[in-house]
Every structure is written in C-alpha cells, then in structure tokens.
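Next up, some structures in structure tokens.
One chain, chain A, appears in both complexes that follow, with chain B as partner in the first and chain C in the second.
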Partner chain A sequence: MDLETEKYDKFLLVSLNAKRLDSSISREFETALNDWIAKGETRILLDLSLVDFMDSSGMGSMVSCLKKLKTGNNGDDLMLCGITEQVLSLFKLTRMDRVFTIFDSMSSAFKALY
Partner chain B sequence: MQNYPRPKILIVDDVPINRMLLIHVLEIQYDTLTAEDGEKGLEAAIAEQPDLIILDIHMPNMDGFELLERLKADTLTRKIPVIFLTADTETEAKIKGLKLGAVDFITKPFNAEEVLARVHNHIQLDLTAKLLRQANVRLRQQKALLGSGLQAASEIQKALLPNQVIYIPNMRLSWYFQPCERVGGDIFNVIQLDDSHICIYIIDVCGHGIPAAMIASLTFQYLAPSGGNIRFKDIHGNYQLRSPASVVKDLDSEFPFERFNRYFTMAYAVINFTTGDFSYCCAGHPPLVLLDKAGTVALHGKGGTFVGLGDMGPTVEQGTGTLSSGDRLYFYTDGLIEQESPDEIPFGQERFIAAVQSLRAYSLEKSVEKVIEKIKRYGNGKAYIDDFSLLSLEITL
Partner chain C sequence: MIPTTPDYAIHYAIKAKAMNVRLLGLSVRGVSALTPLGKSFSHQLELCIVEAANNIIRHAYHQINDGHIDLFVRIFKEYIEFEFRDTGIPINTSPQPAFKPLDPQNVASWPDESMKMGVFLIQSIMDETRYRHDRGINHLHLIKRF
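Up next is the complex of A and B:
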C-alpha cells in the first residue's frame, strides 16, 4: 500500500496507490489516515482513482476516519474523488454516496474547495 | 536472563591422555564425562543425554564412525551435536564424518582455544535449536486450544440459525450459511411475531472472523422476541409490532459506530403471512429479490445506510410490498454477490438474479442448493473473501 500526500492550504490531498482497498491493507490505511488526523489535518481529500475494488473493511476504515473528522459543522471532512465504477456502485448500494462528499474529479474538487 | 545448568560434554576416546587433556580444557566452563570406547560411549550418550559429544575416530570395539552412525540412528541421541577428532591429513575421514552427521571436526594435535571456540559455537547453536523445538511444541498446544475454542464458537453460531423445520404452515424456508472462517459476521433469523406476522432479518457485520461474530451475536440478542425491541405487549396484552424503520433506528442508537469501531448492514422485514403484505428496511444492505411464479424479478431496496452512522446517514425510509401465492423472497449478504471468479470478477447481482430465475421450476430448497452450487462453481476454488448467507422463503396463499 502506497500513499502519496500533497499539502494544500485548504486541505491535504491523499492519493491511494492500490488496486484493492480490502482487508489486506485496510488497517494500514486507517492507521496512516489516523496519523495525519493526529498531526492536525482536518480536511482530507482522498483520491481513489487507482482503486478498482473496495470491500467492507475498506469502507470501514474510511467510515472510521470520516467519523473522527466530521464532528461538527465546521467544515472538517474526509472528501473523496476519482471514484471508479465498482466502488461507486458499492457507495450507491449502501447509500454511502449520501454520507460522503464525493467529487467527480480532482478538478471539480479543487474548484469547490477553493 | 534464564540460568541454564552447565552444559554437559561427553568425551569418547580410547587414549587416556587425550581424555585428560580435553577434560582439562573444557572443565572450567562445562561438566564433562568420558567413555573409553564406542560401545561405552553409546551407553553413556543414551543414559546421560549430554549437550555435546566429542569422539575420536580410531577406537577399538566400535570406532568413531560406527558410533556416529549409531548415535544418529537412535531417537534418544540423534539430536545431540557431535564433534569428531581427526588427524590433520585425513581428508577422507573429515568428509565421511561430516556426511554421517557430525557438526564439526577438530584436528589433532588440537589447540585448546580452538577446541573451546568450536565447542562454544555448537553448544550455542544447539541451545537455539532446543528453544525453537520447545516454542513449536507450545505453539502447537496453543493452536489446538484455539482450534477447539473456535470450533465451540462455530457450533454456537450455527445453533443460533433458524431451524429448517417449517413452523408457518403456508410458508417454506430454506437457507445457506457460509462463514469464510470458522465463525462469521453474518447472522439471520425468522421469528413469529404474532398470529399473522413473522419478521425476517439478515445482518452483516463489517469484516469477518471472531470480532464480527461477537458483534453479530450481540445484535441477535438485542433482536430476541422477548427483548421488547421487535415487539412489545400493550396494556391490553396484545403484541404491538415495531416497524422495520424503527427497529433499524433503534439498532442505530444501540450500536453506534464508535462502540466497536464497526458498522453493520441489515435487511429487516415484517411479513403478514395471511395476506402477503410486507414492510421492510434495507440499511446499507443489498435489496431483497422477489421472484414471482412467472419468473419475473422485482428488487426491493428502500431503507437507509449502514447501521451505526447515526445522524450522518440520510433519513431511514421504509418500503412496502405484497407477496402473491407462489412468490419467493430472497435475503442475502453481499459476500454472495461479491464472490469472485479466479480472475477476480465478482458474481454480481445480475448473475444472481438470472440464477434464481433459471431455477424457478425447482423446489425452494433445491433452488437454494443449486444457486449456491452455481456460485461455488463460479468461484472455482477461489477462497471465500467474505462470509455469505442466503435465506429464502416461498409463500402459498
């Protein structure tokens, strides 16, 4: 599992370099995100464009981080972009597309956040 | 730092001066014992179980090579490291001794420091090997204990599943339960609520294995008919049934994500088995599949998101429908849909729908059996990545 991060003044961009976000990497992934949150990051944009597949452990690690960040109405959030087909259908099936802030693309994310 | 007793070294040599020299070199650090020929050396090795044996090749009454062979052949002595003494020029002897299983050789005339250094190294190596063997034995014991614990947990989990015996006269039920480890995070149940209603629920705790199974058991307990959470008696003594949406909302409060750092998905339905009317709620869960007698499929997926997200989720909705005589209703967990082929393509909802449609003519039980067969064949031996469950009913009105 490989995470690339880039700090912008409005948020931290985290790109997940893995094809499958599943139980083999979900714990590591969750720990990495938690580390960033512990360091004080409050707005994270997660780029999942390389992820083809996500299962409940992957979803669980994201929900865990979302819960940590989205504690009030202060704009702290875990936002997503670059969601691929299978992953999007999982979000729709579970109605998590109505819980997470999802951007179609990185450019629409940047436009909205600046 | 554990204190081990001093290592014991057996010296086998027919020449007394050699024995004395070796004792002299070794006795400061080690306990020593001696034997004057191969025969006596073998007896001493078996009886005393030394930590190392130094033996000379040229001895009467069983030479060093034969002793070495005998030591390696006997289970009581074959693990004891052996160093043999040999004259400098005897290359053939060196090769033979090593091939027979000796760990090292010392050339004569020997150097005291060299003897000590080689002995020390081999004693250390042997100690490490002994500790490893002991650790393995402990590990096997722990594994056996864990295995029997898991087996017991697996039996308990299976005992919670609904009885296959039909207890509603106009309804048939058939189900399949496959945790991907010995216990799983899926649970389902069929409960008669009153004279005309049953509820069916299926729950999938995220993840799998022991933690998921424990949470599944808690939800099962919460939803017990006597618990007051799915039905309660009013002041007239009649059962009032909680609506699917309210059951889901209650569970959402009882099991917030923060409690166990997990969420679960659930489909909960209340069915009037005298009229066929039903109401249901799918919380982050795959839709119910309704297959009529003609083979037409309708999906029922109204509801909300995962149980445990509280305010973060959209408002929980409830869906309704009506079953006609001969209709089949399928409840399942996503592990069934996500079962992958060897090239990692999931079975998928469409394939599942097509499968139940094609099996319509079979009895309910046979159709469940055959759907599962199809999924297993599709997986073609690929390991299950998630628990999967299937529950289906057929109603006659």
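Up next is the complex of A and C:
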C-alpha cells in the first residue's frame, strides 16, 4: 500500500496510490490514518482518484477514522475527493454519501476549502 | 428455478486468503462481460463476490488461513448464478442485527464493531440468496437476473 501526503495549512492531503481499498490493505490503511490523527491532524482530505474498487472493509476503515475525528472538535473531518463512479455506487447503496463530505475532484476540494 | 444447462460454467478454487479474494473478484468482473448486465452491474457483482468470500474467511474459517473456497459460476440465458462452497463453520441462520445507514447527525450512534455491511450489500444487489449446510459443506447461492 502506498500513501502520499502533503501538508496544507487547512488540511492534510492523503493520496492513496492503490487501485483497490479492500480487506488486503484496509487494516494497514486505517492504522496509517489513525497515526496521523494521533499526531494531531484534525482535517484530512483523502484522494481516492486511483481507487476503482472498494469493499465494506475499506469503507469501514474510513468510517472508523471519521468517527474518531467527528467526536473531536467541531470542524474536524475526513473528507474525500476523486471518487470513481463504481466506488460512489457503494457510497450510495449504503447512504454513506450522506455521511462523508465528498468532492468531485481535488481541484473542487481546494476551491471549497480555501 | 428449474435446473437447466448453463450457457457458460466455470469453477474457481482458492485458498481462503484475502489476496486470493482479489483474484476472485477480478475474475468475476471479467466473466460478467458474458452477461447482458452493464459495466456498473459487473462492478456490483464483483463487490458481492468479494463480500461473500471475505465473510467465509472471517466467519467460516475465523481468519485461519487453512481453508479453501470453491466458487462455481454458471451463466444461464436469464440469470447468472454464483455458488460458494466451503467446509468451515456453518452460518448462524438465526436473525442477526442488520446493517443500518449511519445517522450523519448522531456520531455517537455509529457502531464501533462490524456494521454488517457485507450481508446488506449482497442482499441489496442480488435477486436471490440461498444457503444450506449439507454433509459438512456450506453452500451459498447468489443469483442475479438479467
């Protein structure tokens, strides 16, 4: 699993360089996110533009981290961008599109957050 | 369903490991191209197969990397059928708590443990799901009509 990060003043950008967020990598992924949260990151923008498949374990790892952030200060968040149509169908089936803040692309995320 | 001869049939046999589930999913995505179902449904079928296989690893084999999973895929004129077979612990068929969409306004209500999303996805996407335990073998049938 390959994660790239870039720190901006308003959030940490995390890009997942993997085609599949599934049970093979979901624990490692969740651990990485939790590590950043433990280091004090409170707003994370997750770029999923390369991910063309996600299963419930991948979704569950993101929900777990989102819950951790949302129970912190008001405004703490795990935001998502670049979700493909196939992955978005999972969000819609489970109504997680109502739970997460989702941007179409990284550029639209930056426009909204600055 | 009246049993007939499928137009296509293929049998996969994998060791019950997470990386092998990926192979199964990708294979099913490819096989789905033989059906009239569009690309979005191929992806949903892949999701169902991955969820079912993960559940077998997690619950039937309790994550012990010792078991095997057989998947039979049969394509008929009007539907595609997936049959999983494993020799793990039988499914608990008593009523279980179901997946509930999260309330975005009530974070405290979000479960910390498994959300049972996998079963919900399978039942939402597939038209028919059937399970039986027969002489030490679990059989899970998933059917999607065209």
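Heads up, the rule we're going with is that the second predicted complex is superposed on the first by the 112 of 114 C-alpha atoms of A that agree within 3 Å, B and C clash if a C-alpha of one lies under 4 Å from a C-alpha of the other, contacts with A are read in each partner's own complex, and residues count from 1 in each chain.
Convention: contacts are C-beta pairs under 8 Å (C-beta built on N, C-alpha and C of every residue); 3 or more make two chains touch, one makes a residue touch a chain.
Because the structure is predicted, anything quoted here is derived from the model rather than measured.
For the composite obtained by superposing both complexes on chain A, the positions of chain B and chain C are in clash. When the two complexes are overlaid on their common chain A, residue A:23 makes contact with chain B and with chain C alike. Contact with both chain B and chain C is seen for A:56 once the two complexes are overlaid on the shared chain. Residue contacts after overlaying the shared chain place A:71 against chain C, while chain B stays out of touching range. In the superposition on chain A, A:85 makes contact with chain C only, not with chain B. Looking at the superposition, the partner that touches the larger set of chain A residues, chain B or chain C, turns out to be C. Of the two partner chains placed by the overlay, chain B and chain C both lie in contact with A:99.
Two complexes overlaid on chain A leave one chain B stretch from 255-263, 273-281 or 291-299 clashing with chain C, and it is 255-263. Within chain A, the residues touched by chain B in the first complex and by chain C in the second are 22-23, 53, 55-57, 59-60, 63-64, 67, 70, 86, 93-96, 98-99. Looking at the complex, you find that chain C touches chain A at residues 18-19, 21-22, 25, 40, 43-44, 46-47, 50-51, 54, 57, 99, 101-102, 104, 107-108, 110, 112, 114-115, 117-118, 120-121, 124-125. The part of chain B that touches chain A in the complex is made up of residues 204, 206-208, 257-258, 261-263, 265, 284-286, 301, 303-306, 309, 312-314, 334, 338, 344, 346, 385-386. Within the complex formed with chain B, the chain A residues making contact are 22-23, 53, 55-57, 59-60, 63-64, 66-67, 70, 86, 93-96, 98-99. Those residues of chain A lying in contact with chain C across their complex are 20, 22-24, 53, 55-57, 59-60, 63-64, 67, 70-71, 85-86, 89-90, 93-96, 98-99.
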